[in-house]
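What follows is a set of notes on a single structure, which appears directly below.
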Amino acid sequence: MQSIVHVCLAGLSAGMFIWLVASGLTLIFGVLGVLNFAHGSFYMLGAYFCFTVLRHLSANFWIGLLLGPLFVCAVGFIVERFFLRRVYHLALPYQLLLTFAFVLIFDNLVKIVWGAGSLSPPRLDIFGEAILIMGRKFPAYNLFIIAVGPLVAIGLWLMLERTWWGRIIRAASSDREMASALGVRVPILFTAVFVFGCWLGAIGGGLAAPYVGIMTPGMGDTIIIEAFIVAVIGGLGSLKGAFLGALIIGVLSAFGTRFFPTFDMFLIFILMAGVLLWRPQGLFGEAR
Amino acid sequence: MKNKSLFAALILVFLAALVAMPHLSGRFTVYLAMRFMILGIFAVGYNLLLGQTGLLSFGHGAFYAAGAYGMGFFWLHLSPHPLLGIGAGVAAAAVLALLIGFFCVRHTEIYFAMLTLAFGMMVFSLIWNAREITGGDDGLVGIMRDPVTFFGLGKIPIGKDAQYYYLVLFFFVLSVWVAHRIRISPFGLVLSGIRENARRTEFAGVPVRNYRLAVFVLSGAFAGLAGALEAMLQSNARPFMAHWTHSADPVLVSLLGGLHSLTGPLAGSLLFVAMREIVQRFTENWMLWFGIVLLIIILGFRGGVVGVVQNLVLRRRAEGEG
Amino acid sequence: MGKKGLNRREFLKLTGATGSMLAAGSMSGMAFPRNVWAATPAIKGPIKIGYQAIASGTLAGYGQFHKYGVEMAVEEVNAAGGIAGQKVEMEFRDSTTKADVAIENARYFVDSWGADFLAGVDSSGQALALAPIIEKLDRVLIVTHAATEKLTEEGVFKNGIKQIFRICSPTYQDGNAGAFVAKDLPAMKWATISPKYEYGFTCWKMFQDTLGKLKPGVSFIAESFAPFGTTDFFSHIGTIMDAKPDGLYSTEWAGELITFVKQAKEAGLFDKVKHVMFPVGAAMDVLEGLGKEMPDNVWISGRYFFRYPDNKTNNEWVARFRKRWNHYPAYVSETGYSSIYAIKAAVEKAGSKETKAVISALEGMEMDSPAGHRVFRKEDHQAMYEVPWGKTVSDPKYPFKVMGEQKVIPAKEFFNRPPFEGAGTKPPF
Amino acid sequence: MGKVLLETRGLSNHFGKICTADNLDLTIEERVLTSIIGPNGAGKSTLINLLTGYLPVQAGRIFFQGKEITRLPVHKRVRQGICRSFQIVNVFPQLSVSRNVMIPILALTGRSWRPFANIASEKDAHGEMEAILARVGLSAERDTLANALSHGDQRLLEVGVALAARPTLLFLDEPTAGMNPVERSRLLEDIRRLSREGRTTFVVVEHDMDVVFALSERIIVLHRGVVIGDGPPEEIRNDKTVKEVYLGEDVSDLFRYDEGDETK
């Protein structure tokens, strides 16, 4: 029993981290229709910037988490405004390749700026000691993350469903021409959404760094594939789907590690393929 | 007409250069030339799918690996005959492509891409985890190049790179020729029809899905050939051949060179191999510069290098006439 | 396009020329002849060493520290008159983690740049893939990090690829030596969390076999293997804690070990499991990365630890290294550094840089190095030397944990012995 | 009355609540140039989509030359001789006019499965292609890219591509949509001529009444998925119900709405 509960908890926290990354990825795909390989890089940059702020301004974690992502947003703005924007009208492969080019560039830049070696962010004491759950320790920070994930989800939901912005975004994502006909300035909207997506990715990175306990150039390359899988399983462009998808993948891989260790990764990809065949719009996506 | 003959001449020069290369240049250049030709085979075949039929696959690494491991296992357990080994590799790749393709061709666009990615990564994790058979992450090591025998009727040694080079060259030319034939065949025309307008093609009485599957298997076989040839060149087969990052290579190469021509992927392959090699000599930050070059080509040279050249030629001609 | 090939070749010639010109220039700048070897005409031109290590991606730090060691050695050797009076040139290349890249690098070094010697290589997969190529290229390769015993046992001994030597300690250090340490620990039930690739599997197996023989009655009750690039070990940790072992053995390394330790600490693994062993825990990137977060009383080791041996050679070297790079030397720095000196010693002993001669010079060669006294075993070209296992403690002198109580097992007691198959080839002897 | 070419029995289709085909029993006769008309949402396009296999049949059955084709996939129906053109231009934009027409020809003759043959050496196919281009009057544009053609010519090409599939029955979905008068009258001429040639039976869906009444030998009037009129043009022109429901209703509707708005 104890072990099952802890496998679930581990799965939940892992899933929430993937969600934090996948949310931005999904939002960007939903609105811009671009599958952004470079999203993992924004996750990486988020981690690095957060802890640079933390180090140099000797600020606390929260200030780092507040300021760090802003730098990433600036980077994201440049990427969208001067590069990505020029390939919206091009075929899918061009868009993928463009973002892929940025993965190479950012990985290398991080290596130049922050050094080749790994950096370890300091342990966060704000959350104090681990908490006993059924007689076994579980890190308070993970519980915090398990709480943050849904909060982000709710926040996004409120923004999309309840605000003027959200209505415009939904309009644009469902029908670009219609939106522009209604006087929405789509280019600006796209930039805004992309930057916001980068912000989400950066926050993910900033929150993940103390959890992973280490930052390396290229740390985004592994997470991005997981995020893809989640986005696909949940339904490309569907935030609800991404959230539930992240939960499923997190918990499933936790159980996989526990009970079918050899083929855990294989299982995930079988699930991915199965969903694509059975419901291409994803488990929770609306048919487009 | 004038252009045609010019083009033909260029091809002849290029071929002559390839044939003469082992005598003109050092071992390393010969090695790079082989890397180029193998990548070229991979890309030309792949482009039948992407450029001709308009399907973006992220799983062709799996077929490349199938070719390499198929070749490796055949060499290991059955016979050291290189041609038979290559045949086995190609067959393995084609069969795998048939299995995977059967599911994948139900979708197009991003869903097709993601589906192929998923299947490709399944193959990767199978190879990685089936250690007893595949050697896990160490891969199959020590694949040797025995002479090509013609069942008693003499034999050709391919142990030396300079010798093996001609085997690779042979398959390279063969592949390019086959790809060319396919492009100008009725089959190829229907494929481009599918790319341009699948719905209409259906109303032309074409069972679109079967054609997609057919070209998927074809390109898979090309990938298998490339894989088998690399297995012999590097004398090993590795799981990462099946990884999606490797599946991205032909995409990259095709876009670098240009999607809508046969020469595109070839030019792209050459550029890819040469660039990676040369950039490394000037900087350790090859990733950075590689990325920047990609950006420039995507944004500046849409239609790839070949496209740009073509435009130049056209403009020249226009000026000439005007 | 064929023309391009030609151009590239000319371009190579060119660089080659400038290279040797530089060499000539700098040589005339120095006071020669300084040592007897300057007289021997056998050796011509600069001694060129092609070095490759991983310099991009998550493990890029390793390449950095390889480089520190090698560059320092080259500077020193050249300042002291080079190898047999010839200037040493070193070119460094990023090997990434891919075998084909490693092969391309090796071929470039030998066939294009004109390297006399090769060194470096991190991943076992790369090393094994390189073996047959090296045989073709016929240059000595001194492996400074890849640890798989297959390389020396099968590649060198069984398949007779004599060009390969290994200067770093192999998986014996992780598996066998680890078992020798473990046998004295009051732990009977062992478990592992290790990398999900050959290195992790073989070390764990070796550890089990040897410990099983050394200490009948021990049981190995749980294992959880983490794929390359794992950032979340909690489910692995859970698996182990459920099994309630009293000993944990983990060959996780580099960044993933840091992640693992931090998360294991959070999850209270170290409270439950008292005896923990990290065969590559003494790597500087891990110690510095974890700092105070590395728990005490954990048994760690590596391919070299900068506080052992505590003698003049080593201490002076560490001082020089810190002065030069403002870092403590990582073990790859030492193996890289010593690989250059191994080449120097071998060439000067052979009086030639021809592969054949150098191989026979290296076989059985003894050398003094920061890591202590090394002997290249004749049969499998494996360098025999000791690296301590030690218990982590805090030390006011350092911002990270270091080895307190140390155990040094003599190399000949725990290194597998040729012919590597059959009775009496694996410890204990 | 020619012999029956195509017949539907109880053909029905619903999109959610909206009924676009309600238990239709239709017959199409050979060599009779038939038009299908009706107000928007009458189910004209849906009907074509059902008959050509573009939409799966929900209920009812379809017979072509006596054989049931209800569940046949599109390409099989095409091979049986049913083809269509689309409302919005639907050709192969990046291919030359001749190539556009070649695709169906090669597919139909089953020559397209051969990856190593050379198109250039497909003499018969070329001949057939030339013939078709001549029929739709695009011979001059042989080597132009389809997307470089004028809208009208693209329409013609569309018909050409459809004809290249050697249809016995050809549905044209608003063939003159977005054409200028000149192009329009030209296309209509072509259709009439082709129909006279008698190899193909045409069924045209049109909005433009003049076109319909000028062209058709038989007119079927659909309304909310039901046939409310069926006969030769003059008969339909004087049919009370049609006038009422089709022409009249909208107008009276409009009035009603207007009044409603004003009174409120």
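As written, the chains take the letters A, B, C and D, and residue 1 is the first residue of each chain.
Following the convention adopted for this analysis, contacts are C-beta pairs under 8 Å (C-beta built on N, C-alpha and C of every residue); 3 or more make two chains touch, one makes a residue touch a chain.
Note that the structure is predicted; figures quoted are calculated from it, not measured.
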item	value
Set of chains adjacent to chain A and to chain B	C
Furthest chain, CA centroid comparison against chain A	D
Chain occupying the most central position, where position means C-alpha average	B
Whole-Å gap separating chain B and chain C, where each centre is the average of the chain's CA atoms	36
Distance from chain D to chain B - Cα centre to Cα centre, in angstrom	43
Inter-chain centre distance, chain A versus chain D - centres from mean C-alpha coordinates, in Å	49
Residue list for chain C, restricted to those that touch at least two other chains	55-56
Chain D, residues touching no fewer than two other chains	none
Chain B, residues touching no fewer than two other chains	287
Contacting chain pairs - touch in the sense defined above	A-B, A-C, B-C, B-D
Residue ranges of chain A touching chain B (in the complex, touch as defined)	35, 83, 86-87, 90, 92-94, 96-98, 100-105, 107-109, 111-112, 225, 228-229, 232, 236, 262-263, 265-266, 269-270, 272-273, 276-277, 280
Residues of chain B touching chain A in the complex	50, 56, 103, 106-107, 109-111, 113-115, 117-119, 121-122, 125-126, 129, 244, 248, 251-252, 254-255, 259, 285, 287-288, 290-292, 294-295, 298-299, 302
Chain C residues touching chain B - in the complex, by the definition given at the top	1-6, 8-9, 12, 15, 55-56, 92-94, 98-100, 103-104, 107-108, 111-112, 124-125, 128-129, 131-133, 148, 150, 159, 197-198, 201
Footprint of chain A on chain C - complex, ascending	55-61, 63-65, 224-225, 227, 229, 231-232, 234-236, 238-239, 241-242, 254-255, 258-259, 261-263, 266-268, 271, 285, 289-291, 293
Of chain A, residues touching chain C in the complex	2-3, 6-7, 9-11, 13-14, 17, 107-108, 111, 115-118, 120, 123, 130, 136-139, 141-142, 208, 211-214, 216-219, 221-223, 253-255, 257-258, 261, 264-265
